[in-house]
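Shared between the two complexes below is chain A, which has chain B as its partner in the first and chain C in the second.
Here is the complex of A and B:
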């Protein structure tokens, strides 16, 4: 506005002072927004009252009266809507957490494979990325669920996968380990071993820095991790027994069950997201200048060490921010489970909870708020990690 | 997505100051058609046929309302709605009237801002299983996997039934009826549960209908009724009395074939029903020949039932509880006088 300094009004005038005026308009805007929000909220409340639609979050404590297929916490129909939503939330977090880990592993493998000097490997990786990345996720989910998992044989003709695992159209059934008498002792042993390993790694790092020589950390760590729990089991009674799934009545019972809905959702999310992560990883690696590799090789480092010590740390700086975006996408995309019946937050919330209470505004805003919180927490964690690995300029 | 849009629409409607709730009939007249929420995929109740014409027991109710207002049963726009979207669509004003095999319950009637007019079909929930399972009673389903549609009273009755009989089950629930039926057909579940009438309808769509049997236990009361928004008494009365007129016509023997002759009847009851005497149509904002229009267009309750659900249809559902009160059922019309 004041392109020409000569036109500025004298400083003493309050209305003429740009800083004062800017602050005034900003405050005015905030007040207007708050007033608009206040008016809208009041209007909604009044209209809901006029339409005789129940309002408020009191329903969260009312009994839900419906059942849910998969629950990580104890749940039955006599518990509350709030509890049902919590069950849905935990199911969302479960599939997201496992999905993020698997998608990251697969994405890194495929991304690195795309840069392989082996043409076959590189081409296969490219085909994977282009195929999975360009088909809508919803279609992929419907494919895995309807075309792959549902046509499997019924529980009486289960496919035996070896090791006691069964696969049928009711899910994937895996044997579990029954907790032996020495279970707690073994867990304690494992904990001690883990601490010892951590100490070993730290001690070895100092030793390398001081003397340039290292001890073989990996074999020692594995020995510790196996031996300590084993010894505790032997001391405190450790007859390990497996709980095998078997046909009982209508269904397979025993062991742990992975529902077809869960498997289809996980497969779809992991394969789809991994294709994007692969491209991010490839971009990150390619962005590290070739001079870095050459310099490292000139120092006499082996190829593996060049990748691990020189390229990956630099590539990570570029990989982490878009990777965060993919993690958020995976979490949010898990709500597509609505189409295949996996009971995550939206399926439970916008399904029976919304239907039986009729409180669309409350339920939908609650779900949106929860997704917002999950996303913000994920971003926060990733940003902290990003800060840690960021390039420290010297 | 559709649900989110619906909620968004609800929000927008609620934000608009003083959302109009009254005057549905005027709006309908101005628009020239009734907008009716219907089930898009339940044979016998509501489904478009191979020519794209909507047919069914619930569809005919909407047509009867259109006939009463416009003397033309085709002046209806049908909006296909899933169980999850139906009440939101009504709350937001997307539809004037919901006739979609919807069970009348206290919480829906009192907390959703909607009103159920009068029961047009008495149903009850049952189970369907494969014959080869060798199950002959719902009480033998302990440990079974059961497919059910989400957000329905069916889902709640299912939980009640297994809880009160101290049996265990695995539930698999889907947002749409089509998805639920497909899952049962593929063997994902041992049993499929919904309202009995719908079980008969859905069985016809399974890969091998003869391999399935409907178990005898009826585990719930499911009175279906048309639904309107609260706050418009005139519209509520109109929709409700269209239903009573259909039953009343059957009680008095007034049918599609004989309605013209019946206007010459000496019976004071028939003369009142058909508007030859008195002016009951005006009380709900219609012409006095409103019942004549309805019956000419869609027939009486018995004719509609027979054509869509009974012997005149593929479903062959018996009248049962839906027979007239004078014939052992509970369909009963308050007198038009």
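Here is the complex of A and C:
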């Protein structure tokens, strides 16, 4: 836009011509980059030859010969490095997805609490934000893992958290729901109910636009969502039974086990990111001018409707872009799991895979590529959503 | 009502009769009333009290009430010795503080670290305090001669009669601050160049800058550090292998430059187009325009953003511990496991101390950034 004297008329000499100079500088840059790349590639070849390290991605199909403590897909030591990295990637996505949901919930609660008229609630939220934001995440992770979860008593003295959940130094044990005989029917009922709710919302929206009158959508939706699965369960039989974790011998069996590494990582990521999200939410809400609230109240909208129809849509516009940044940060920060040994992509890749193969170039490039793809996809999705809610100006 | 008020004041006579409306309640009373103004608020207040109680009481107990304050080794911090439940083991911190700050830097040479730190503090205070004169000189001194002086002082040089200290003896706060400050000193100019490149009219320059910035920002710092640690040596010829601290600093500098570039780009975009056009109409070329007109204004606009980048950089330096660099957090971790001090409370004490250190530094910086933001907001009005 503002290149070398772009507005000056070309003079007679070549050096005075902006177009010529721009071309010259760009050719110079390309030549320098190519030379640098050539030199680095030569060094890489020489160094790899000297260290006798294989090149190429063939190692991905070799047997990995190491175990991974948590895996969403079937995995054992005889499977390939590629499979091990996939297990790591899935673990990254798992902790990030759960972390994003929880951090968003907590962040919104704390952000709204910061604006509460209740002084105590507002101060408490402020202290939370300042404390969590200003202490490095790695330190928080080490604290949760080494100082809180590791010194917990063994399975025999498990802490009971209520609801059948157990916590000990082997991890967090949660009850699961056993699939009853009528399970598929109940799921189908839930699906039908969800479709019905969506139809109800659409129909109600049209009705409001046409007549200005609204039906109580939320109670009807809740009733539908509860009643349909319940009815189908009753029809097809099978009471819901919970599979509680319980102590058998020296360990806990039943339910689902969350490794202490996973719990520590999730706790650290959620608490840290929520502090940042809270600030974003607060800034977003504060930015909606008071006149908007007053205008909505003057129209006779109830308090809840003012928030839902006037404040939130406008605040979201400011909240979404930085929120996307926080989601990406959380995903990238999940790589700090290296420090506490949760088997996500970087821990698996830069740990056992790199040590066993020595192929730093390939492994680290692969890790970086995967994160780049995650970043790009997340940005794309959030940008699409952002475009949908963005202000349409005339 | 306001109209009649104005009229009265103008008349001048009735003004004395108008008293300011009495505050119904003092501020404190109003705040207290807000705690119980409605049933929901009462529930919220009780909930907040419960949370505060659950978090605060154990923290105060651990850090102050149950803490051990004197002792020479782990014996003092055992529940069996104290005869009561013990909290933080502060003698551990007092005893290891030298190690926390300097790592294994030779004790006889530690004055060199202190002198460097003193120079840095004076220059930074001079450059950042809005009321001091000639802050430009401080900025110049900090970015050009200071790194050279610091390098000579810290690594030593036989020509100057300073005993060389290899970087593998450096540690603790010294390494944390060295990495963050170097990241700062490198990332400001490099980030500026990248930001200018991203807004350049030359397509290839723009492409190179965009790719560089987005790739670096798209990957976790850990991956960059592993890259710097494991891949960088491969890219260089066998004769010029950098030491491990330098490798990590390269990774941190790349990361900081990419973040800084985006902050500075914000400043460049926020500047009205008229500034560019005015500079061009004066006949200034690209670099004079940027250096004399655009950058001084754009950088000033984003001082809060720059400070915030530095805060994250400062926190992110903890990650170097993962690639085996001996920073402050590593010093605390290692110390908690030495046999002289190892006890059930040592590691928590170490974490608490580290958290206080980082909190104090980051909170102070964020306060400064907030103050600058307010100052800029009033200046631009």
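FYI, the second predicted complex is superposed on the first by the 342 of 394 C-alpha atoms of A that agree within 3 Å, B and C clash if a C-alpha of one lies under 4 Å from a C-alpha of the other, contacts with A are read in each partner's own complex, and residues count from 1 in each chain.
Everything below uses one rule, namely that contacts are C-beta pairs under 8 Å (C-beta built on N, C-alpha and C of every residue); 3 or more make two chains touch, one makes a residue touch a chain.
In this text, all values refer to a predicted model and were calculated from it rather than measured experimentally.
J.: Where does A:249 make contact in the superposed view: on chain B (first), on chain C (second), on both, or on neither?
T.: In the superposed model, A:249 contacts chain B only, not chain C.
J.: Check whether A:26 is in contact with chain B, with chain C, with both or with neither, and answer first, second, both or neither.
T.: Touch status of A:26: second partner only.
J.: Once the shared chain is lined up, is A:384 touching chain B (first), chain C (second), both, or neither of them?
T.: Neither partner.
J.: Looking at the overlay, does A:298 come into contact with chain B only (first), chain C only (second), both, or neither?
T.: In the superposition, A:298 contacts neither chain B nor chain C.
J.: Once the shared chain is lined up, is A:364 touching chain B (first), chain C (second), both, or neither of them?
T.: Touch partners of A:364: chain B and chain C.
J.: In the overlay, answer first, second, both or neither for which of chain B and chain C A:47 touches.
T.: A:47 contacts both chain B and chain C.
J.: May I ask you to decide whether A:333 touches chain B, chain C, both, or neither, giving the answer as first, second, both or neither?
T.: Once the two structures are laid over each other on A, A:333 reaches chain C alone.
J.: So, A:137: does it touch chain B (first), chain C (second), both, or neither?
T.: Only chain C; A:137 stays clear of chain B.
J.: Using the touch definition from the top, say if A:151 reaches chain B (first), chain C (second), both or neither.
T.: both
J.: Both chain B and chain C contact which residues of chain A?
T.: 40, 43-44, 47-48, 50, 146, 151, 338-339, 350, 354, 360-361, 364
J.: Which bits of chain A are touching chain B when the two form their complex?
T.: Going by the criterion above, the answer is residues 40, 43-44, 47-48, 50-54, 65-69, 76-78, 146, 150-151, 154, 169-170, 248-251, 253, 260-261, 338-339, 341, 343, 347, 350-352, 354-358, 360-361, 364.
J.: Could you list, by residue number, the parts of chain A that touch chain C in their complex?
T.: Checking each residue of chain A against chain C gives 1-7, 22, 25-26, 29-30, 33, 40, 43-44, 46-48, 50, 116-121, 124, 130-131, 133-139, 142-143, 146-147, 151, 332-333, 335-336, 338-339, 346, 350, 354, 360-361, 364, 367-368, 371-372, 375-376.
J.: Which bits of chain B are touching chain A when the two form their complex?
T.: 3-4, 6-7, 10-11, 13-15, 17-19, 21, 83-84, 87-88, 91, 107-108, 110-113, 133, 141-145, 150-152, 155-156, 158-160, 162-163, 169-175, 179, 182-183, 186-188, 190, 229-231
J.: Mind pulling up the chain C residues that touch chain A in the complex?
T.: That would be residues 31-32, 34-35, 37, 41, 44-45, 48-49, 51-52, 199-205, 208, 215, 217-223, 226-227, 230-231, 233-238, 276, 280, 285-286, 289, 311, 315-316, 318-319, 321-322, 329, 333, 344, 347-348, 351, 354-355, 358-359, 362-363, 366 of chain C.
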